[in-house]
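One chain, subunit A, links the two complexes that follow: it is found with subunit B in the first and with subunit C in the second.
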Partner chain A sequence: MITSNRVRWHLGRVISRQFETGSAVRLELAVPTWPGNDAGAHLDIRLTAPGGYQASRSYSLASSGESTRVVLVVQELPGGEVSPFLVRQLAEGEEVEVQGPLGRFFVWIPAEPEQSPVQLIAGGSGVVPLFSMASARERELKGAEFRLLYSVRSPRDEFFADELAELSRTVVEIVYTRESAPGAGRPPGRLTREALAASTFPASLSPRIFVCGPTSFVEAVAGWLVELGHDPTQIRTERFGGSR
Partner chain B sequence: MTHVDGNALAGAFATALGIEITVTVGRCRGCGSSFNLACAHVFITAMGAVMRCGHCQAVLGVIVRGFRETLVNLSGLDYIRVPRL
Partner chain C sequence: MRPWLTQLMTTPAVVVASRISCLPLLPPDTSIGLRAYLRTRPPRRIRQKGAVVEVINSSFGGRRGSSDSRVPPGQTLVDDWPVLSTGPTRNVDESRWSFSITTEDKVAHRWNWNKLHQVGVEDIVTDIHCVTHWSKLDMAWRGVPIDRLFEDVETSYDYVMVRSYGGYTTNLPLEDLLDGQAWVATEAEGEPLRPEHGGPARLLVPHLYFWKSAKWVRGMEMMPSDDPGFWEQNGYHLRGDPWREERYW
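For the complex of A and B:
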C-alpha cells in the first residue's frame, strides 16, 4: 500500500508514446519525484498556454506500485481542450506538469485481506484503472479471484488487447457493442442486465465490484447490479462523463 | 450536461485544503444521507465545479480554481469526516 504519499505537483517527461487505437495514445512518463501509486489511482495533467491560461484534466493510471515511471492512455475527445494536444502533439522528450497520485476510493490494494472475489466492469476507456488493478493482481501469487468484463465498441477500439490476452489471474470477457471480432460467437450489441448477470460473479459470492466508464454506462451497470442483489456498499464507481 | 463524480475533484481539493476528498464522508444537508464524496455527482465547467447529492440532487458545494486562490463552498453539507492518512 502506498501510504505516505502527499499529493503535489511533479514534472514528468514523456519517455515514449504510441497509438493505442486510432484515437488514443499510450504515454509513458518519467516522473523522478513520483512516490508510487495504488492501482486505480489517477493524476491531473496541467497545460499552460503562453498567455498563462491553464487547463487541467484527470487521467487514470494504467500503472501502479513504487515506480517513478507512470503509464496512462488518453482517449481523444474531439474539440477537447487537453486530450487532442496529448494525443496528437505532445512529443517524446517534452515535459508536462502532473499532480498526484490522486484518489483513495477507486483503488485496489493487494495487501488487504480479501475473502471475496473482485469483479471489474469497464465501459470504453474506463478500462484503464481496471487494467491497472488486474496488473497489480498479476504480481501477487495469492489473492482474490478476479474477473474483468469489458464493454467496447469494436476490436479496433480495444485498449491493452495484448496485455489482456496474457493475464493469467483475471478471467477477461469482452463485449463488443458495435462490431464484433471476425468469427466471434455472438453478434455485437450493448450490454444488458441479463448479459451482465451471466458474465459476472453472482451476488451470492459477495464480490467487491469496481465499475468505470462513461456516466450513462456506470449508472446503468450500477443500477443493474443492485437489482441483481449486490450490496451497494460493495460497488465502487468512477464516471468520466460523455461517451468513450 | 453530463456529470462526472467526486473522484474528479481529488486534485482540486488536495491543492486547496490538503484533503483526499474521495474517501472523505459528507452528510447531505438536503436529505441527510452520508456517503463518500467520490460518489457525489459533479458538474464541471470552465468556471468551476458543482457537487450535488447523488440521492436528492441538492447542491453540496462549489469549488472554483482561480489563479491565486481557490474558492470552496461546502454549505450543502452538514459536516465532512476526513480520514487521517
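For the complex of A and C:
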C-alpha cells in the first residue's frame, strides 16, 4: 500500500504527449521524486505564467504502483483555463509542478483482504481513475472480480480504446450515448436504470462500486444504484465539473 | 523593487532548487507580521520542507481577468456551484431531520426542524472555498448561528466531531465554530438547500475549506482532542485554512 506517503510538491517533466481523442491528451510525466500512487489517486498540477500568475487543477492518474512515471489523460474543457494549455500547448520536455499523491478513499488496493466484486462505472473522462483500477487488477493473478461500465458519447470519444479491449480480468461494457460503433448491436442512447441493472453486478453480490463522471451522471447513477438495493456505504463517487 | 523580487523575476524559466529553509527570502520589512506577509507575498515560490522549487511555464497565459483579492491561493472562481460528495446524495426529509449536540456528560441538546428555526435564523453573505480549487464569492445563505445552539451547552472539551446522515464526519475546534463563524444552514441563494448540496441542512463554516461544512448534518459530539474525521483520515488537513493552503498532509 502506498498511502503512507505524505503529500508533497514534485517536479514533473513531460516525457511524451499523444492525442487520446480529438480533444484529450495523454501525458506521461517523469517525476523522479514520486513515491508511487494507489489506483484511483489523483494529483494537482500547478502552472505558473511568466508574470507569476498561477493556476492549479486536479487530475486523476491513469497509472498506479511504485513508478516515477505517471500518466494522465486530460480532456479539454471549452473555455477552460488549464486544460486547453495542457491539451494544446504543454510541450515534451517542459516541466510542471505537481502535488500528490492525492486521494486515499477513491482508490483500489490490490492487496486488500476484501474479495467482494468491484464494479466500476464511468461517465466520459471519468474513466481515467477507473481504468487505473482495472489496470492494477490486471497485474494481479488473483483477486476480486471486476466489471467496468463505461458511458461515452461515441467511439471517437473513447479513452484507452486499445487497452480496454485487451483487459482480461475486467469485463468491459461500453454504452455509447450519441453515436455507436458501426455494426454495434445496440443503438446509441443514454444509460438508463434498466440498462445499468443489466450491465452491473447485482446488489445480492454486495459489490463495491466506484462511480466517476460529471455531476449529472454520478447523481443519476448513484441514485439508481441505491434504488436497485445497493448499500450506499459501498458506493464511492468522484464527480468533476468544478474549476475549468 | 526589492532585490529578492527582482531576482525571482529575472530568473529564467528553469528550476531553482535550494536546500535552504522554507522562508529564506523574507523581505527586510516584516513589520506587517508573518501571517499577513504570507498572504501578500508573490505566489511564486513553493514552500516545501528543505527545498524551494520553481518552474515557470513560459507559454502559459492564464485567465488573469478572474483574479480577485478575495480568492485564496490555488483557487479559481466559478459561477456555478459544483457538487462533490463521497457517495450517493442522501435524501433526508425535514420531518425526520434533527440536530443534536452531545457533551462528555452524555447530555444531548436536540432540535427538530421547527425547533431549529425557532432558535432564530440569520442571513449570511459569504465566500466559500472548496479544496478542489474552486471558490464562489458573495453567496447568500440563511442559517442558525452555532453560537445560539451552544448557549446552554456545558462542556470543558475544546473539539467537535461533526456527524452527518450517511456516516460522514469532520472534526473542528470549537474556536472555529463560535463567535459568528459557523451556522447550521438551511437555505442558499434564496432557496431551500437542495439534497445534493446537503439539504435539508448542512454545516456552514466558510472560513475553512468546504469539506468542513458537512452536508446532511445531524449532530456534533464534543471531544477532548482534535481527532480526524472522514477526509482528515483520508489525507486532508486537520484544519483546512484556505488562506494557508492547508489542503493535504
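Some notes on this structure:
The definition used in the following text is that the second predicted complex is superposed on the first by the 240 of 244 C-alpha atoms of A that agree within 3 Å, B and C clash if a C-alpha of one lies under 4 Å from a C-alpha of the other, contacts with A are read in each partner's own complex, and residues count from 1 in each chain.
Methods note: contacts are C-beta pairs under 8 Å (C-beta built on N, C-alpha and C of every residue); 3 or more make two chains touch, one makes a residue touch a chain.
Remember, it's a predicted structure, so these values are computed and weren't measured experimentally.
A simple residue count on subunit A separates subunit B from subunit C, and the partner touching more is C.
Residue contacts after overlaying the shared chain place A:Glu194 against neither subunit B nor subunit C. Of the two partner chains placed around the shared chain by superposition, subunit C is the only one that A:Glu97 touches, whereas subunit B remains out of contact. Of the two partner chains, neither subunit B nor subunit C is touched by A:Glu173.
Once the two complexes are laid over each other on the shared chain, residue contacts for A:Leu11 go to subunit C alone; subunit B is not touched. Within the superposed three-chain model, A:Leu225 lies in touch with subunit C and out of touch with subunit B [touch as defined at top]. In the overlay built on the shared chain, the residue A:Ser56 is in contact with subunit B and with subunit C.
By the touch criterion stated above, A:Phe105 is placed in contact with subunit B and with subunit C alike. Shared contact residues on subunit A (touching subunit B in one structure, subunit C in the other): 3, 7, 44, 52, 56, 58, 99, 102-105, 215, 236-237, 239, 241-242. Across the interface of their complex, subunit B is touched by residues 3, 7, 42-44, 52, 56, 58, 99-100, 102-106, 214-216, 236-242 of subunit A. The touching residues of subunit C, counted against subunit A in their complex, run 8-9, 13, 15, 42-44, 46, 48-49, 53-64, 67, 73-76, 78, 80, 82-90, 130, 132-134, 166-167, 196, 230-231, 233-235, 247-249. The residues of subunit B lying in touch with subunit A in their complex are 2-8, 10-11, 14-15, 20, 22-23, 36, 38-39, 67, 85. Subunit A makes touch with subunit C in their complex at residues 3, 6-9, 11, 44, 46-58, 81, 85, 89-91, 94-97, 99, 102-105, 215, 219, 222-223, 225-226, 232-233, 235-237, 239, 241-244.
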